[in-house]
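Here you go, one structure.
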């Protein structure tokens, strides 16, 4: 069954996600702040675009967002030409942006006041996952709304799960990022040590990736870290945004995150080294091999 | 072809390892400091035992060690009744103990002086890996000696790889432990955060273990950490021994290991909490959920 | 020369500060959210009070604030009955609250639009310093405005210095708090180590406080930390507020603050232990002495 | 009353210390591994020197050591021509080297077996303190031996205190170094932040050094850190030696030293940057100011 969908935000992630929906036969109207990208998308996928978020969302049963941060979401939802101006009772707003749980709750409340359903739905899987339609989606909201969304989400997700009330998707994404911070720092120190020890780091990775030290990062970023390649998508600047959200949430819920906080500071050093746009595995760059006499 | 083997140290790891060799038809003579364990092993596997390391190693083509730490290895090798007193030119000494790279080099030199070959060969895979004969072995030494050892090692290893000259096996094991320190701390902080955030941590693990946050530790220890179960083998005391060796090696080779050093201190706190014998996933125990009014 | 002053916020700090101004003979009108405290102050110092910040500030040449955090300052300045409604061109607003540098710049701009001068002026010295009139004040703003304020500030400050344009006072206070985080954590680890080592910690403090390890914290909080006394004013909750402001500013200016970020997380643990209202030296509480067999 | 003293080790510290003893009128025989320095000392102070530690110690009532580390002390005490070969019952050995508490206990035992008294006596105060005769000495041993030593120690100490049985001096020195690690890192982060924030760091130091953030390091190293001057004596290599001793002791006594361990790793980075011989305030060198677009 074809659904009328608005998709706001055609970045690295949103562009292919919206494409999958259109390819699956849905009626998709997009909006992108930089209009050229919307035009390109319309041409590529034979879809429609609107001049503002509100225009794109007009008449949509489903409105999806995938923009930058809390402020960006606020702009396209509550702003002068935000989607809330045209969304109608019974429609559903899904936010794929990685943002704060507070924002999710605020959106849920604002939507509820207008009879609109809301799901926070941050994703993981990166650019490759978005393009292959193989994202993982962590959701917060009501079960009935999730049931409604699920068939549509499946066009770009290999896994989508409701984890609790509004905000739970964002909180789960934070759990994800905390894990990554520890894994990547451990891996960076390990490869730096291997280098200082004069080992063939790739041979060591071959061996240890079969055991208790194994991780997705080790298998997918370990070898490229050894080669000094850091152009695999999820940027340090995004990671710091996510860690900031996470550390602020911890401030509220009382969690202690010593290594997460430390790695966040180490990423600051990577930014100072000019690595803002490099992917998160560039964390290893700040570990300098000693000068050898 | 049956080989004449001595196996020194029938602990959690050595006992089943020696058993696999015997089951495969080799002539195995064991030694264990606590004699009762040697007797039990002899009865179970129909093998032999010697009253001292030297006696057990007498006439052996291959001598394997799997004891506790550097000092223990020194005792069974160089001690009054150590294996070096009876090992003969052309035989091969393999040390499965996780020990320092310095010790490995010292053993290689001492062996070479007597025409004995040496391989340092720490393992990973834990008690389960030892029992199933599915260990991973990281080796340091000469290629020819490795070639000689490989068919025998395969009785308890799913993977065995030579990584460089003497000491390289130990150095690779250190790389492994550094990775684990980061992974486990990240996972512990993540699950602690999930708890403080009121999430269903296991549901979150189901979702995120499909993506970039995945790790062997997440899949195999994440759920049990949520349940507060910490009896899965590799003990905190062993981990601190290994991290101590690692940090000392870093002191020599100039590597910077900030999070490894920090996690080592956090394990000190777990020891203070009484967790010395609990497995490494007990790292989460020091993260206390705040009192809620 | 007597000046007409409004003082907003009669907390631990503001109450005695306003008192010193009155004692010095100025015309002081106070405002406090909880009216009882204002009444008590009026009775004790023979001053006046206003029912709202705006009322208290009406006709004042100088308006001082000493409330809690950014939001509190916004409430008493920009709120419905905030001081900006009644302050007149040529008057001077001085904010003694420890708040963000962003807020200071925002206040400076808003004041300038109305012809009002502004100085951000966070203090250090604690309750004792406020009571004794021996605070240290770090100021941001224009030199001419500072010159105007200085004679009045001297009633409760032993030192007041202009450090640059609006916001500079707050930034200097952040520098102060970063130093304290490192000092107190080092001191806490040292005293914990002394305890574990079986030393007479106070005797050691006597000796080392004469040399390169000396600090104000060592001399003034070291002995009481040994005794487990943590009721010396500046609370953990305030410290975390200040560190949060600091870490957010670092996020903007690119500074790397690894230990500050870590100590902030350790304070989270102290909060979880119930130490929110204890002073910052309670950081030692999270260091647990190991169980001795 | 003139005492017959041997002084072993005429380094940065030992040279002036031995000089003070001679200037005070004692009979001093020195030994230094590099003979030229001993000759220079003899010429400057009109003293004597011996060709070996044993020779220098022959006939001495008091033997002082101030060499590098544990191994060095072992060499000059237990070595082939170590002082124990010639020291006689009733004489007193004082070790001013910063070394492990284990070594102190080992020395105490070895001395006791020969009827020789022992005090471990590490110092603080640096080169300047040694030259001015204003060191602080932390001692471990017996009260009667301390009483005997005190009048002599006073020639180069402004303060000397017995802190417990053998080893206590070394343990107290560790407490000192832990404090310094925290203080210097806090100060380094603070000055780095000030730089990133565009503040006049020296003006800020002027202000905050009057309050709760004050430390000896701030007053004596803060300004020179701003200027990038790091040639004030106590070298990073020495500091890492001391922190290594400290962290090893903590491993035994169960103390948790997270920031100490972290700062030790940061010093490793300073060493990699080439700062091994710079003083401990060079810790700030690893904090890089971000590139400004």
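A, B, C and D are the chain letters, set down in written order, and residue numbers restart from 1 in every chain.
Note that contacts are C-beta pairs under 8 Å (C-beta built on N, C-alpha and C of every residue); 3 or more make two chains touch, one makes a residue touch a chain.
Here the structure is a predicted model, which means the values were calculated and not measured.
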Of C-D and B-D, pair with higher C-beta contact tally: C-D
Option in A-D, B-D or A-B whose residue-number contact pairs overlap A-C by over half: B-D
Averaged-CA centre spacing for the pair chain C and chain B, given as whole angstrom: 53
Between chain D and chain C, distance of the C-alpha-averaged centres to the nearest whole Å: 38
Residues of chain C engaged with two or more neighbouring chains: 250, 254-258, 262, 266, 269, 271-272, 288-290
Chain C-touching residues of chain D, taken from the complex the two chains share: 101, 124-126, 129, 136, 138, 158-159, 161, 163-164, 168, 171-172, 174-187, 189-201, 203-204, 206-208, 210-218, 220, 234, 246, 249-250, 253-260, 262-263, 266, 287-290
Of chain B, residues touching chain D in the complex: 240, 244, 247, 250-251, 254-258, 261-262, 264-266, 268-269, 271-272
Chain D-touching residues of chain A, taken from the complex the two chains share: 258, 262, 269, 271-274, 288-291
